[in-house]
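Both complexes shown next keep chain A, but they swap its partner, so chain B is in the first and chain C is in the second.
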Partner chain A sequence: MSVVAHREVAAPGGLWSRLSLGQKQVIWAWGFLAVPLVFYVVIRFWPTFQAFYLSVTDWTITKPASFVGLENYKRLLADPLFWQVFRNTFMYLILGTPISLLISFVIAYYLDRVRFMHSFIRALYFLPFLTTAAAMAWVWRWFYQPVPIGVINDILSSFGIPQQPFLRSTTQALPAVLAPAVWAGLGFQIIIFLAGLRAIPVTYYEAARIDGLSEGAILRKITLPLLKPTLVFLVVFSSIGFLRIFDQVYNINTNDPGGPLNSTKPLVLMIYQTAFSSYEMGYAAAQTVVLFVILLVISLVQLRIMRDR
Partner chain B sequence: MRFRHMLASVAIGVATLASTGVKAVEIEYWQYVFDTRVKAMTQLIAKFQEANPDIKVKQTTFPYADYQTKVAAAILAGQGPDVVQLFYGWTDTFIAGKMIRPLRAEAFPSADIERDFFPIVSAMKRGNDYYGLPTAVRSLALFYNKKIFKDAGLDPNNPPKTLDELVAAAEKTTKRDGSGNIVSAGMTLDMGGQDHQWWREVLIRQFGGTPYTDNDTKVTYNDESGLKALTFYTDLQKKHKVGQTGFMDEGQAAFRAGLAAMTIDGTFRLGSFGTIKAFEWGVVELPANAQGLRSNYASYFANAITSKAEGEKLAAAEKFLKYVSSPEAMKVWMEVVGELPARRAAALTPENAAHPIYGPFLKGLEYAHTTLFKDELAQRQVAIDMVNRVIIGGEEPKASLAKAAEAEQAILDRAKR
Partner chain C sequence: MKEAASSPALVLSRVRPGRIVAWTLLFIGGVIMVTPLLFMLSTSLKDASQVYDLRVIPAAPTLDNYVEILGDGRFTRWFINSTIIAVIVTLSNVFFDSLVGYTLAKFQFRGRYIVFIAILSTLMIPTEMLVLPWYLMASQFGWIDSYWGIMFPGMMTAFGTFLMKQFFEGVPDDFLEAARIDGLNEFTIWWKIAMPLVTPALSALAIFTFLGNWTAFFWPLIVTTSAELYTLPVGLSSFAVEQSIQWEKIMTGASIATLPTLIIFLFLQRYIVRGVMLAGLKG
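On to the complex of A and B.
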């Protein structure tokens, strides 16, 4: 009887003490994990879901949102600007990723063999990566100006070559915007490539040289295959970077962002303008969802390729 | 003993309250950061508080880039200003969002407003109600570089008065290098600057058309006059070769650097051009057409009372709005910011009219038009693209104009929903 009474008294506060040590550890662990988890849910996932919801409404900041179904998506697919922007975005990707990887690999490959002032040269290549994209875009904007102030055109015309329109041309503008973006990313890619090259055991090279393999064969048979994880990482990383390109484009032509005639406008800039200058939040959310899907598909495909390795 | 202490402290408290005006109604005023505007408003608030010790005005400012978003978000959340500064072109958005309230006719009679202010203030009127009043207005004029004029053999005191004279002067003042590249422009071409306003409200009218009808909700420039206006503009580069879009990046930069003889810009540029040391410049009314017809584009930031202001705050807000749109405030604003007074009487003093710089801008106000933008940036983009299609893309002006009219009409229609 007294035992029962004792247990009844202890019961209310005893839920915790009745748990085993293992259970307690689990609860503690979840207790701590909950903090970043809640943070992520509130800061990341909740807005993401809200963006999905917004994409089926006609919210404009000032007007309350009302459900419009797939209206925004229909409008998007019928919008010639969207398809132009879509093409541009992929042009940044298709041009930017291979070119930047090729250049950075070549630089890293030869820099790896340079002993003289190695760290200094490496630092020089890395420097643009530390620079603000906005500041860089402004400097390049002036490089591309027509004479008398554009450095590039001044050089061209001093050699008697006709000056080029660069940013004022629908065909030259996109490569012209891409150049500083590639240049800025080089430093990072070179460092990663260098680390990848250093990680390849020297013994492989020694064995190959003893066997009399040519430098070209060493590159093809040893260096490149062993560099594949690095390469895949850089491909994924720079692809996402080029798909999300924004600050370079916006700042290199602030008076006509994404111009001329939308020839340099990427998807992110279109989203920005729809949301924060036209205030069509619902339509902008629909564009964001499309960008999300594109990024998701590309990342999944690339992860798949990585697994096939 | 204790009770008496308490009584004494309460009495002291009441006395302090009364003397320092802690009981005063506090209202909040919001505007964007621009050095001289903030300075002018600080002066106005000080003067207003001196005259109205029972009202305290708190000024909040933040960067222009986020201005509209922040104001909208704050007011809708029940926070934010009681009196707010807004660009006239945002009025529809602010009304649609129930962010600003109509001015009470008892406090601000329409007849008085229409009698005292420049007619462009009607852009703040919806139905019978005014939704805000400006302190200052801005208009456009032609800036010209006297040094380049003199070097080219033109009379620096006789700037172009008509469009033909403008083209002639531009041809004389353009300098090119051996390969024909422009090294100093006769006239700046910058649709992203003020040229789109010049094209829309000035050139189209001067070539016999009207840009819009039905309170600027219907595009009407896709006709002979619009075509002539566009061709006139693009011919400056294509035919006369007196300017080049993108030259020196921006028109105002080219003029500032002394590499453009003429540019069209607004009163808001006076501060920046005022610091030019390298050459002397002048201002003249926008050129007339051959028949002498002139037009101009005027714009302004208005002050409005938000839907948040109620009761005694509303009364205080009305008092404050009255003060900041008074002739006295306009005088301060003109001295500090350099913008023109919105009231006729305050603006058109003999002294101002004869002023070599303010004079041409003020004359422009008399016949100025104000576009009721639905989405100014998007509508500007339409004009930029229209000109780019002709100049960069080599498209026929007629086709480009038709595309522009269609694109702009779509923007206007979407805003109506």
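On to the complex of A and C.
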């Protein structure tokens, strides 16, 4: 050993072998991190600061950016379209998160007890999660058409129920756009709920049954409290998803994305149109900062509320 | 699992009416869940005259729509684009996210915690906020309408790094020490010793990254302008607009975009479900 070490010291690259194991470790670590750190600085941190900077400029495609202070934000707050969009975005959240979590919990709760063809039934619920939202929006768009094309209206009329306008109505369009998003997300939520349910030790249930607790009491006193970490994760995760909805909305009404009369337009679509239809990049950047603040506030509020309870 | 050991007669006696009702309702719900997919597939097998016939099994199934759409060449191109992009981004994430996760989990050095927090903090920044600076970057460097332009924002993710760090923390230090004494260098120790111990996490990361990039719409829509470089979702969207009311053609396109992930799932169901559970619980 000592001979080898001695020879290495004498060799031209001998500096390396003179380092202690700890020093070598540090060099390896920074060597491993070198390329990723460049990536994170150039592709994540720098663009983040740039987004804040662009939001206080009047940058458009044709005109170089110049500083305009909070002009974009003032304009946004005075824009009635923004408030409409703001309301829509929250409608997606307020309808989407509770409905999808309630459905997926009920399904997971019962599916957990099913043994017969368990993985087949689970697969049926999970498959929509693997689909492309842009493609599925077209399938649902077809479903919502009037008779004789649309499947849903066909079924309704065969039961003698009057035709529904769905995507053509300012009140029905938003839930109609939300439905495919909820549908596609259920499978993921069910799988996560199933994993959470399975992580609860069987002994807890056995003890509760010995104590004579009813199924409802077991659900309230054991299952739901122990499922809280899963629930917190799913609430935050799916809320962020609904607040960022875009693919479905854009594809389900390509003639007038976000229509009719902006009644389905979420914030991300407004950002897209401001940036890439109107080319008002600075104004769009201000909207992205507002989206960032909304996501941050909603996540923090949810985490706070759920942790306290 | 518990009931697998008991005799069939015992199982039968334990089947209560409530269970049968629950099972039936779950089954019906599951069938409703896949109904949109069944309608999509069945319509893709119908010609224009049968589209208004809502039978799920086509009266006269035909592959004409597929022949026509695939023969046109654009879908083949978009399919290849999407595959190349999703595969490269997935490989990059599997490599770099686990390299960084491993370094943060297993090396002692000053600045480790700061690097970890810095990477984790990027999770708070929504993609939409970075899209305009990325677009600016892509147009300055000529990355618009290129594979690299579509791929560069996703080559590494904080989510994947965090997931892999969690799993590498569970790898015993003794294994790595033993390899060090054997004279392996640190890169080999990571690649040959540590990586095989976290394959479930790697497959979870690979599944999520592939699926995310295969279905991605927002950024590819922004960064591509020529149809040659479209990914499948963006291409499908432009194709569907052009077809307007030829629903059998649109459903064929939608099927082509959707079937690959569904078929992969049928073969890898166990790994995919386990991967989603792992990522959800640890991530």
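We take it that the second predicted complex is superposed on the first by the 272 of 309 C-alpha atoms of A that agree within 3 Å, B and C clash if a C-alpha of one lies under 4 Å from a C-alpha of the other, contacts with A are read in each partner's own complex, and residues count from 1 in each chain.
Basically, contacts are C-beta pairs under 8 Å (C-beta built on N, C-alpha and C of every residue); 3 or more make two chains touch, one makes a residue touch a chain.
Source: prediction; values computed, not measured.
Novice: Which partner, once the models are overlaid, touches more of chain A's residues, chain C or chain B?
Specialist: C
Novice: With both complexes superposed on chain A, which partner does A:195 reach: first (chain B), second (chain C), both or neither?
Specialist: A:195: touches chain C, not chain B.
Novice: Should A:91 be classified as contacting the first partner (chain B), the second (chain C), both, or neither?
Specialist: So A:91 meets neither chain B nor chain C here.
Novice: Of the partners chain B and chain C, which touch A:148 in the superposed model: first, second, both, neither?
Specialist: After superposition on chain A, A:148 lies in contact with both partners, chain B and chain C.
Novice: Touching A:276 in the superposition: chain B (first), chain C (second), both, neither?
Specialist: both
Novice: With the two complexes superposed on chain A, say which partner A:131 touches: chain B (first), chain C (second), both, or neither.
Specialist: second
Novice: Answer with first, second, both or neither: which of chain B and chain C does A:169 touch in the superposed model?
Specialist: first
Novice: Taking the superposition as given, does A:222 touch the first partner, chain B, the second, chain C, both, or neither?
Specialist: The answer is neither, since A:222 touches no partner chain.
Novice: When the two structures are overlaid on chain A, which partner does A:46 contact: first (chain B), second (chain C), both, or neither?
Specialist: In the superposition, A:46 contacts chain C only.
Novice: After lining up the shared chain so the two structures overlap, which partner does A:235 touch, if you call chain B first and chain C second: first, second, both or neither?
Specialist: Neither: A:235 stays clear of chain B and chain C.
Novice: Which chain A residues are contacted by chain C in one complex and by chain B in the other?
Specialist: Looking at chain A, the two contact sets intersect at 142, 148-149, 276.
Novice: In the complex, go through chain A and note every residue touching chain B.
Specialist: Those residues of chain A that touch chain B are 58, 61-63, 141-142, 145-149, 157, 160, 162-163, 165, 167-170, 255-256, 259-262, 273, 276-279.
Novice: Taking the complex as given, what residues does chain A use to touch chain C?
Specialist: Chain A residues touching chain C: 21-22, 24-26, 28-30, 32-33, 35-37, 39-40, 43-48, 50-51, 54, 107, 110-111, 113-117, 119, 121-128, 130-136, 138-140, 142-143, 148-149, 151, 154, 180, 183, 186-188, 191-192, 194-196, 199, 230, 233, 240, 244, 246-247, 250-251, 254, 268, 271-272, 275-276, 281, 284-285, 288-289, 291-292, 295-296.
Novice: Please name which positions on chain C make contact with chain A in the complex.
Specialist: 1, 3, 19, 22-23, 25-27, 29-31, 33-34, 36-37, 39-40, 43, 51-52, 54, 96, 99-100, 102-103, 107-110, 112, 115, 118-119, 122, 124-126, 128-137, 152-153, 155-156, 158, 161, 180, 186-187, 190, 211, 214-215, 217-218, 221-222, 232-234, 236-237, 240-241, 245, 247, 250-251, 253-254, 257-258, 261-262, 265, 269, 273, 276-277, 280-281
Novice: Which positions of chain B touch chain A when the two form their complex?
Specialist: Contacts found on chain B: 68-69, 72-73, 76, 93-94, 96-99, 177, 179, 181-183, 190, 192-193, 244-250, 259, 375, 377-378, 381, 384-385, 388-389, 392-393, 417.
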